[in-house]
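Chain naming follows the written order as A, B, C, D and E, and within any one chain the residues start at number 1.
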Amino acid sequence: MKDFIRPTLVLLIICVISGAILAFIYQQTAPLIAENKLKAEEAARRLVLPDAEFFKPVSDSSEVLYYEGYSADSTLVGYIFSCVQYGYSSDVKTIVGLTPELMISAITVVSQAETPGLGANCTKDDFTAQFTGKNPDNIYVDKDGGDIQSLTGATITTRAVTNAIRDAFQKLQDRL
Amino acid sequence: MCAKTFKGGIHPHDYKHFSNHKAIEIFPTPEKLYIPLVQHIGRPAVPIVKVGDEVKKGQKIAEAGGFVSIPMHSPVSGKVTKIGPYPHPTGTIQHAIEIENDGKYDWISELQDDENYYSLSSDKMKERIQEAGICGMGGAGFPTHVKLSPPENRPIDTVILNGVECEPYLTSDHRLMLEHPEEIIEGLRIIMKVLGAKRGYIGIELNKKDVIIIFKQMLRDHKNINVVSCQLRYPQGAEKQLIFAATKRKVPAGGLPMDVGVVVQNVGTAFAIYEALRYHKPLIERITTISGAIVNEPKNLKVPIGTPLSQLLEFCGGTSEDIAKIISGGPMMGFALPDLEAPATKTTSGFVFMGEKEVVDTTEATCLRCGRCVDACPMNLLPSFIADKVKNGQYEEAMKLGILDCIECGSCGYVCPSHIQLVQWIKIGKIEANKLKRQDK
Amino acid sequence: MDFSTLFIIIIGSIFVNNFVIHRFLGLCPYIGVSKKMDSAFGMGMAVIFVMTMASTITWLIYTFFLNKATSIFGIDLTFLRTIAFILSIAVLVQFVEMVIKKAAPELYKALGIYLPLITTNCAVLGVSLLNINENYNFIESIVNGAAAGVGFTLVLVLMAGIRERLEYSKVPKSMKGMPISFIVAGCMALAFLGFSGMKF
Amino acid sequence: MNLVNVSSSPHLHEQVNVRRVMWTVVIALLPALIAAYLFFGWRSILITILGVVAAVGTEALVQFLTKRPITISDGSAVVTGMLLAFNLPPLTPWWIPVVGSIFAITIGKQIFGGLGYNPVNPALLGRAFLMASWPIQMTTGWATKLANAGVATVSGLKQTLITGGNAQLQNLITSATPLNLAQQIRGDIVAGTAGDSARTIFHQLSSLDYIKELFWGNIGGCIGEVSAAALILGAAILVYKHYIEWRIPIGYIGTVAFLSWMVGGIDGLFSGPILFHIFSGGLILGAFFMATDMVTSPVTKNGRLIFGIGCGLLTVVIRTWGGYPEGVSYSILIMNIATPLIDKLTPQKTFGYRKKSNK
Amino acid sequence: MKAIQEFTKGIIKENPVFVMALGLCPVLAVSTSVQNAIGMGAAATFVLVCSNIFISLLKNFIPSKVRIPCYILVIASFVTIVDMAMEAYVPPLHKSLGIFIPLIVVNCIILGRAEAFASKNGVFKSMLDGLGMGVGFMLAIIVIASIREFLGVGTILDIRILPASYKPMIAAILPPGAFITIGLLMGLLSILQNKKKSKA
């Protein structure tokens, strides 16, 4: 019986101690992590809508649909929405900024795991810059007859970004 | 008429044109003969003569060493001069009885002509065959009386005479069939009677059309005997392949022809059986082909057993260039000999001589896994895989791949683009595999 | 139940994002247990079994104990994820070993020696973590676990086939063993790139 | 008596050896090269020569460095170099075939001990490597003789499609790789995002007139896959010589034909254009010259059939749902990897094999 | 003197990756860039050193029957700490290493050292051993990552080495590149070792 009790006890002790330590560290880091996340999101928003000072989420009953961006004097300077579509080998998530006239002010690809050197180039400025000033309702990849120049060798990724923006915009259009 | 055949196999050039038009010539008995005690499968024969004994032609000089063995008879009258080791046409050294020809050709007893041989009882027939020292004359040399005594539970309904002669160069069976068709048919009838078989077939390859025509004509009255014309394909003459071509029966892997109720005999054997029954003549001579591109006069010879090869070659006018290879038997399955000393035996269907140009390069390249050996294998084995296993000493694996079912026909080696000596590897592996098998038992 | 989603998960985990050659999970057994086809197959079967079980159990643990939104405790314990998963996998493997030993001695003979190796197979923990990361639901997690195991078995058996053949080849001395196995793995990964970007 | 040769039987041998087989393959590939020259110009020859020279040079160098006998004269490196170059676009940069050949010979072949030991086809491995490394160079640079007949790119064609113009479709389609185009159109049609003009083009592609063009080679594509006619001529040599056997090519092409008929169409199941799928892309080249590569295909007879069917299945799967327009080379590579397994799972029954009798 | 050996052996003679072929999954998975390699190496080293110290400290306290679960617990705790710390302080790195941070738990190097070394040796020695192994592990990933990043992107640590006109060999940073690189490196190492042996 003793053979049995001691190991269990030791295991239990170690469990409790490590659990306690982890809980402590978790409490220390959790706010930091949450803050990081917010910061990252905020940074992305600022990137696509540089004029805005603060953002206001506009939500449906359950989820956030889009953000409104306001300048320091509380005038509406644009909208921000995020969209996602499966590209070549991963979900490509894009954040899009719109001017009050509903033209694209800027976009940024925040997460993707496309082929390095090809699809992964969709995060580069050369690529994202071409969206600025376009009407999100009518963007197509050049191979589909539009004027979004596709990444060399990565039409599928390009299409994922472009179509995601268009689709998401068309869904939101009535609410904006 | 549709020619019959089997799956797999190869189409080598048959080289039969050297000698297939040459009538059988009788080779004059030489000064000295060397009669090996092993000319067959089974126990060696036991000499019953001593050095110095006088022997007559047809006299028994060695007794069968057991049931699976045959006696030997002197092909000549003369004196026993030596009993000892002598080169053998399998490329090995075997004990042989040396007899010096006295030039008298005295028979031990004059040949009888027993016209009523067919009415003999089957046991009597078998006895006479056994006494005549007959073994399979196609190459392996299995004692004939053993083959004619199947166990009770293996009834034989079919006898197939093997006149396929699929080995290139060899024409001895061809000439025999052409010149002695009646005797061969009689031989077949005897075998059928001994075994109580109802059907008989004679398998002949299409490159012997003349023989096929003759046999067809002669067999018109024999409703139960048919000629099977076989497609030109090597190894059509292998037992299992011939049985399949003639009867569509498949001999089970690891089994014997009698498992499907068939016995196969060589046409030469049938001829010897006929002679033994009708004339009480022991097996002391046979037809042998001496051929090859470098042989000046390729011939089919009726040769006394024990004649050294050197004399046979001399009789054929020697060679036009240096001999690079001497093959006892056909080039596909025969043995390469180191010199000309070996004598002709009961199983020697021919000797083939090759010059420098004909000898194939035997340096092995890497296996390309092309699978040509697989396509060629008449037994549907995987020769290259088996050879790989043998090379690595994995004999059990090789057994699983059926190494013991290999009939060593050489088709795989013939087609291998990498010139891998597949048959050689398999032969080595078989020895080891057999050892393992015995251990298991 | 959306079958097409499941189908995509299955194809994805077996071919497109094969655990071993695209996600680099379970490399140790991939290199270590791939010398003979029979043992590779045995290992594969054991892994399929354990991966499916582990996916099930870890998903349940995560959903009902750790994740704040769905937990019965109502507190966020996600930071205990790693510990909880690895311990439950270790216990699971032990338990499976015991059960198989009693219930199916034949199976135990075939799989027994591989089971202890599986605890430290990162593919098992990996699939559990991925199920959470990908937000798979219960059925999807189980299917993903099984499919990942099948994918693992597939490449393991293929690898074993090639390595058995390499036994007979003249690989340079310095490349023999592990180095050449990695080269083969590289060839496999190149070939499996053919599946990338597959969409239905 | 001088020493005579006492090797084991058989003492006869067919007039065949590795060198002869390999050089015959080279000869069998020449018609396709000539066709490439006719349709794409001298550059296709240059690319091929670069591939061959790099392959042979690498083989010699590696064998010299590892102190093995140098076997470049057996022609196998030449075949590898040629096949690799045949899988490249004619206008690809000059260094592509060179790098590809170096990779193919070192990693694909010599590292395993040389000819006969490589688990996968070196040329295809080289191509897969190039495809992964320089996809842009590998998927652009198509040449076509009829470039002046209209807009010669897929994008141009698609543009016409979207704006709805149907004029001179026939000429337009003679551009880039038709397979690529067909897949894109088909994808759009199935997804319901394409108009009637897309359907027209798809039907044009599968029309008999167009398939004639495909057959003779009046299309864009890789150097070696341009002319099905020239390839079949070369393959006939190999079949006649018994260097390739029917099971792999027939199993392969048959499966592709059936499956593409089943799923490759735009009007539901069993509406696919069979001939289009057979003659477009690299199927003929792959089925006769690459899948049949002796070293990397199964040895057993049933195994070869399974291998061919597997190649066909994967080709159609990749063509229809994959990220790449063409699945031939990847499907053969994958089946190469499965070859030892196939060999093991398809043991041959020995002649006369019976299940253990109940005796 | 001897203590130094405990440290250096892990770097070359008993290098966990190249010589003992342990912990391969993260080595191949995160070696797409030198930055990732350093991050992964540092994380693993931290866990190695800490777990070695603790296990060495607790070696007399832990009954041998449950030692493996105990080790796993200790290791998992440290891994979780690293995981949380990285997420809090270096989020981009945490993101790019992904599930390979929690997977340090099943890294055979760590459990292997705990079982083979720390449970039998003193605290100081165990620490040095852990440090040596960790550094060896880190160096190995860095070597592989340097090659892959150099060929596959043309940079090292995001500093452009090759001219911009260099067309990067993307395959090097894809899975096949990882396998082939490590295969060739191991082959190279064994050539060097053979040379050394033949000299000695």
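Here are some notes:
Heads up, the rule we're going with is that contacts are C-beta pairs under 8 Å (C-beta built on N, C-alpha and C of every residue); 3 or more make two chains touch, one makes a residue touch a chain.
In this text, all values refer to a predicted model and were calculated from it rather than measured experimentally.
Counting steps between touching chains, the shortest path from chain B to chain D takes 1.
Contact with both chain A and chain E is made by C, D.
Annotation of chain B and chain E: jointly contacted by C, D, touch as defined at the top.
When you average the Cα atoms of each chain and compare centres, the chain farthest from chain D turns out to be B.
Comparing the CA-atom centres of all chains against that of chain C, the greatest distance is found for B. Centrality by C-alpha centroid: the chain sitting nearest the overall protein C-alpha mean is D. Averaging C-alpha coordinates per chain places the centre of chain D 42 Å away from that of chain E. Chain C has its Cα centroid 61 Å from the Cα centroid of chain B.
Taking each chain's centre as the mean of its C-alpha atoms, chain A lies 42 Å from chain D. Rounded to whole angstrom units, the spacing between the C-alpha centres of chain C and chain D is 34. Touching two or more other chains at once are residues 366 of chain B. Annotation for chain E: residues 69, 73, 76-77, 80, 84, 168, 170-171, 174, 176, 180 touch two or more other chains.
Along chain D, residues 107, 113-114, 116-117, 129, 132, 135, 323, 343 each make contact with two or more other chains. According to the touch criterion at the top of this document, the contacting chain pairs are A-C, A-D, A-E, B-C, B-D, C-D, C-E, D-E.
Contact residues on chain A toward chain E in their complex (touch as defined above): 3, 6-8, 10-11, 14-15, 18, 21-22, 25-26, 29-30, 32-33, 36-37, 40, 115-118.
Chain contact summary for the complex, chain E toward chain A: residues 32, 58, 61-63, 65-66, 69-70, 73-74, 76-77, 80-81, 84-85, 87-89, 91, 152-153, 168, 170, 173-174.
Across the complex, chain C is touched by residues 66, 107-108, 111-114, 116-117, 119-120, 125, 128-129, 131-132, 314, 317-318, 321-324, 327, 329-331, 333-334, 336-341, 343-344 of chain D. Those residues of chain B that touch chain C in the complex are listed here as 366, 388, 391-392.
Within the complex formed with chain D, the chain B residues making contact are 6-8, 10, 12, 91, 168, 240, 244, 250-253, 255, 322-327, 331-340, 352, 354, 359-362, 365-372, 374-375, 378-382, 384-385, 401-402, 405, 408, 410-411, 413-415, 417-419, 421, 423-424, 427.
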